[in-house]
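The data blocks that follow each hold one structure.
What follows is a pair of complexes built around chain A, which joins chain B in one and chain C in the other.
This part shows the complex of A and B:
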């Protein structure tokens, strides 16, 4: 068996040589830190390496039995994923379908407009959104006040980030706003790969626009949908910057997430081992969710 | 050439070699990481920022000692808590780090700093304020050298109280007021209808706002930390202080977005007259408010005065004071290198440098020889007098687990303000959490 494997490797040696320049940095900068992180998760490890001690599964036990903030973070992270991923997926697909038939110049405009947040600094975007959401000085409350919404419903100005029932949704909106660019580009490319003849044949058969979308566009976009779904889910599971810059996990842990809690433990409390255990749990969650998505959608895509 | 001439020539040559060897010493490189967040000293107008000033300081040192190379790196706030611990864990920390006590104690407790008692001359240690030297001593080691400290008090916009016709309710004679006097004054101010919607601007979004909040606890005679680094969340007086802060919030005397408001927005409430009182330091009073006025951010008449936080009848609350210092990391350097690191440390933290720094930032020097650099400022003198009269509060900055216990608090204050938990429940939860944190250090 191993002889077979070695023989196959030898047979494809030139191919391996060609992928080596990409493989070496991958091993050094991804595989090795990953293994190191897993190893570290079994240690009580602070900034002083000389004091690192092996504690087996203690970090994991603590995570699930005593760290209330982490458990809330897990729940909130799932909520983020459940809100952001479907909404961003549907909006970006919708926009791609609407924009695709437009002239090239208009398409370029929309692509740039939606892609802009992807290439802008997260700090700046977060600052802009903080100004929008500010209870006293914010654009959102000022607009609602100007439109007479508060008077109409007899309510006071809303602290969008200060109330637990609005904070998570407000942050989700921010994450959605900068999650649309990439899927939009991918869907646009996917739409371009669908043969025009299929739509022409459907038209001859009397299929309406909506039917064309359901019967031709969506099925043929399945591989792209799968890719977007998986990458978007992975990205949203790691939601961090908006939390760090806008709410610090508050109010009362309403926007606490796994990665923010991980960051706090690693870089505020210097608990590298404990933070690594959180990272391993996150890795396990993402792997399972991605595997399920692949299994469900890949079957449909083919 | 006779023997005498040869001997003289050889002696001359030897003398030359010895003389020049004293000048051309072995090169040393020192890395200095600093938090240049505050302003450059006022009497150095050629510098726009503290980072420029600190780079200039290093250049001056290198001119004096050409064999020494100092690499200065200005870190921002997030880098102080990410880059530094990562560098230490990787075995490549800076030689010297300037950071505040709450964080350097973390390094001290992890035993990655050099014991400065072993390297600083005794007269230098004797020149530092003894209370601060004690605070910086962890398990018998001086883990860093304190360089300046700030204090925290209330800053009240008297102009708004005057406009509302309640200026006489401010205790300007002794700067001291009880909780009842405080509530009476701010309620009347709000009800006067001059636009002061939330008299006291507070943020409990992050641990950075905790001095504002803890001040109410100290005012009630409570504590966050008891001596011996024991959390005091189970103290009935602590509960009284927390209940007082909660009462202010529930009665609309504190801004309703306190649970997540940013520090900038908190200041904006004060600058725009929606609030008339904030917690702050001499830096807020002498640097931030004038700066905001210059930038046109202050939209109301501003007459800031300094007051103590309100206290319960019979209680005397002190001032919180937080120092910043220079930590030297243990890098396994030679005695010779350590000698030059110490030399540079003493240069950075000299009496003159402290006076320079204090002048620009309205902080307090840690050296006795620096005297009172801002003695002409009546507020500065007032603070000095009030601290002498009322003492300082123990913030627990030097305790193991301090930062973790500190970070655990804001979510609890937030949930109390939002009505999810009562003050008693919050303190009970914090007692358990703190015990758990400390047992896991």
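This part shows the complex of A and C:
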């Protein structure tokens, strides 16, 4: 039996050769750090390697019983996901359905507009939005004032990032702005794969407009919706750049997120063990949420 | 698979009319246009902002079109800051990641789609699963590893960890599954060696996917921020996103807004050009990656 396995390994030797160049950096820079990260989460580990000590589950206990900022961070991270993912999903699907039947050239305009924020680095967009959101000279306040919105509600200019009740939503808007391009292109491709005959048949049955959308388009786009949902969720759980460059988690912890807590603990306070525990928690949350999404949507599809 | 791939190409068939052109449709279309303009405004604001002196940048209400445009910020960016060095660094890092990642991805993608060997599925799933793992989860051990290797402030620290590119492997595998096995067998019968087969048959047939993977890997390297921030200390080893972000790091109150917008625009231009030139590869990459194999 083992001889059989050896023979198969020998027969597949070229397969291993072709995988090797990817496998070596993968093991050194992904698998090994991942395992070491899990291992580190059970240690009190700072800059000095000699002083690392095993403390069991203490890091985790502290996270969930005493670290108020982290708990707020978990809550906010979920809020980010709950705001950004549905909004980005609905908007991109909506735009795809409206834009898809248009001429190729008009589609190109939309593609460029929606994809431009995706190719721009998050850093530069965060820097621009920081200025747009400014209370004193920001474009957003100026536009709202010009439209008479402030006068209508009788309110003063808003410090979008300075107030706890608007900061998180303001950051969400920035994240949404670069989360639309990818889904839009995917939905467009998905729409192209739906056979035209189905719509013809539906027309004969008297289904028109939105009925066609609910009965044909949406069910057939289900695999694309699932893919977009899972990838978007994973991406938004890691929201970080906007926090680092625009609010530093403030005001009053209103925009703390898991990854920002992790970053500060690891690279400002050099609490490697404690920050590793946060990484493990994040990993666990993402795995569970992605698995649930898969289950729910896959069951609906069949 | 062949069929699904074809469908991602623009098909020469009558354009579908999903919705009737009613009043509702026009309202919906107007919303889409507004949204598109809304997404372009920040980029417009960035470019315009780079042409304003501080006094005008903080004026209220802001000037939609700068009445007295100035190139002062650009002169400062190029004169006082090592901005071309940052761009050079970004190019080195992104190109090496692009080139290296596409090489390992093509080879691994070929093995995972066309070769049979024990452990193939497990290995493939290992790559695939790490795509879902947040980068931050292995950043701390990687940081320690970099310290042990004494790699801080070097190019290799920003390049080597990204030479294995799971998304690229996944995409190559998906694409190569559509290459007919008979084609490879025919070449083998004609006496092609393993390497010849790979280089003269597989690589040419995978050209669109290779283009897509290179561009995505390049973009990932160009727009990466967190890791490059963590492993660079000196100003001359910084990449564009890191260097440019430092221009704004001191907070809005004291930041030279025009200078920071000039830096942001400078970092934006190369990616903008690449996107405009290689649009089709971007679309190909996004769509191939999502199809079920």
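Here are some notes:
One rule holds in what follows: the second predicted complex is superposed on the first by the 273 of 302 C-alpha atoms of A that agree within 3 Å, B and C clash if a C-alpha of one lies under 4 Å from a C-alpha of the other, contacts with A are read in each partner's own complex, and residues count from 1 in each chain.
As a working rule, a contact is a pair of C-beta atoms (placed from the backbone, for glycine too) under 8 Å apart; a residue touches a chain by one contact, two chains touch by 3 or more.
Since the model is a prediction, treat every value here as computed from it, not as a measurement.
Considered on the superposed chain A, chain B and chain C are sterically incompatible, since they clash. Of the two partner chains placed by the overlay, neither chain B nor chain C lies in contact with A:179. Of the two partner chains placed around the shared chain by superposition, neither chain B nor chain C is touched by A:59. When the two complexes are overlaid on their common chain A, residue A:162 makes contact with chain B while staying clear of chain C.
By the document's definition of touching, of the two partners only chain B reaches A:253; chain C does not. Of the two partner chains, chain C is the only one touched by A:97; chain B is not.
Looking at the superposed arrangement, the partner reaching more residues of chain A, out of chain B and chain C, is C. Contacts of A:287 after superposition on the shared chain: chain C is touched, whereas chain B is not. Contact with neither chain B nor chain C is seen for A:77 once the two complexes are overlaid on the shared chain. By the touch criterion defined above, A:272 lies against chain B and chain C together after alignment on the C-alpha atoms of chain A. Comparing 20-28, 38-46, 74-82 or 308-316 from chain B against chain C in the aligned model shows that the clashing stretch is 74-82.
Within chain A, the residues touched by chain B in the first complex and by chain C in the second are 130, 134, 136-137, 266-267, 272. Residues of chain A touching chain C in their complex: 5, 8-9, 11-19, 21-26, 29-34, 36-37, 40, 91, 94-95, 97-101, 103-104, 109-117, 119-125, 127-132, 134, 136-139, 142, 145-146, 177, 180, 182, 185-186, 189, 191-193, 196, 199, 208-210, 212-213, 217, 223-224, 227, 234, 237-238, 240-241, 245, 259, 262-263, 266-267, 272, 275-276, 279-280, 282-283, 286-287, 290. By the touch rule above, chain A contacts chain B in their complex via residues 45-49, 51, 62, 66, 69, 130, 134-137, 156, 159, 161-164, 167, 246-253, 256, 264, 266-270, 272. On the chain B side of its complex with chain A, the touching residues are 81-82, 85-86, 88-89, 91, 106-107, 110-112, 205-206, 255-262, 265, 268-269, 272, 274, 403-404, 407, 410-412, 414-415, 417-418, 420, 436, 440. Put simply, chain C touches chain A in their complex at residues 4, 7-8, 10-11, 13-20, 22, 24-25, 28-29, 31-32, 35-37, 39-43, 45-46, 49, 57-62, 103-105, 107-108, 110-112, 115-118, 120, 123, 126-127, 130, 132-145, 160-166, 169, 194, 198, 219, 222-223, 225-226, 230, 240-241, 244-245, 247-249, 252, 257, 260-261, 264-265, 267-268, 271-272, 274-276, 279, 282-283, 286-287, 290, 292.
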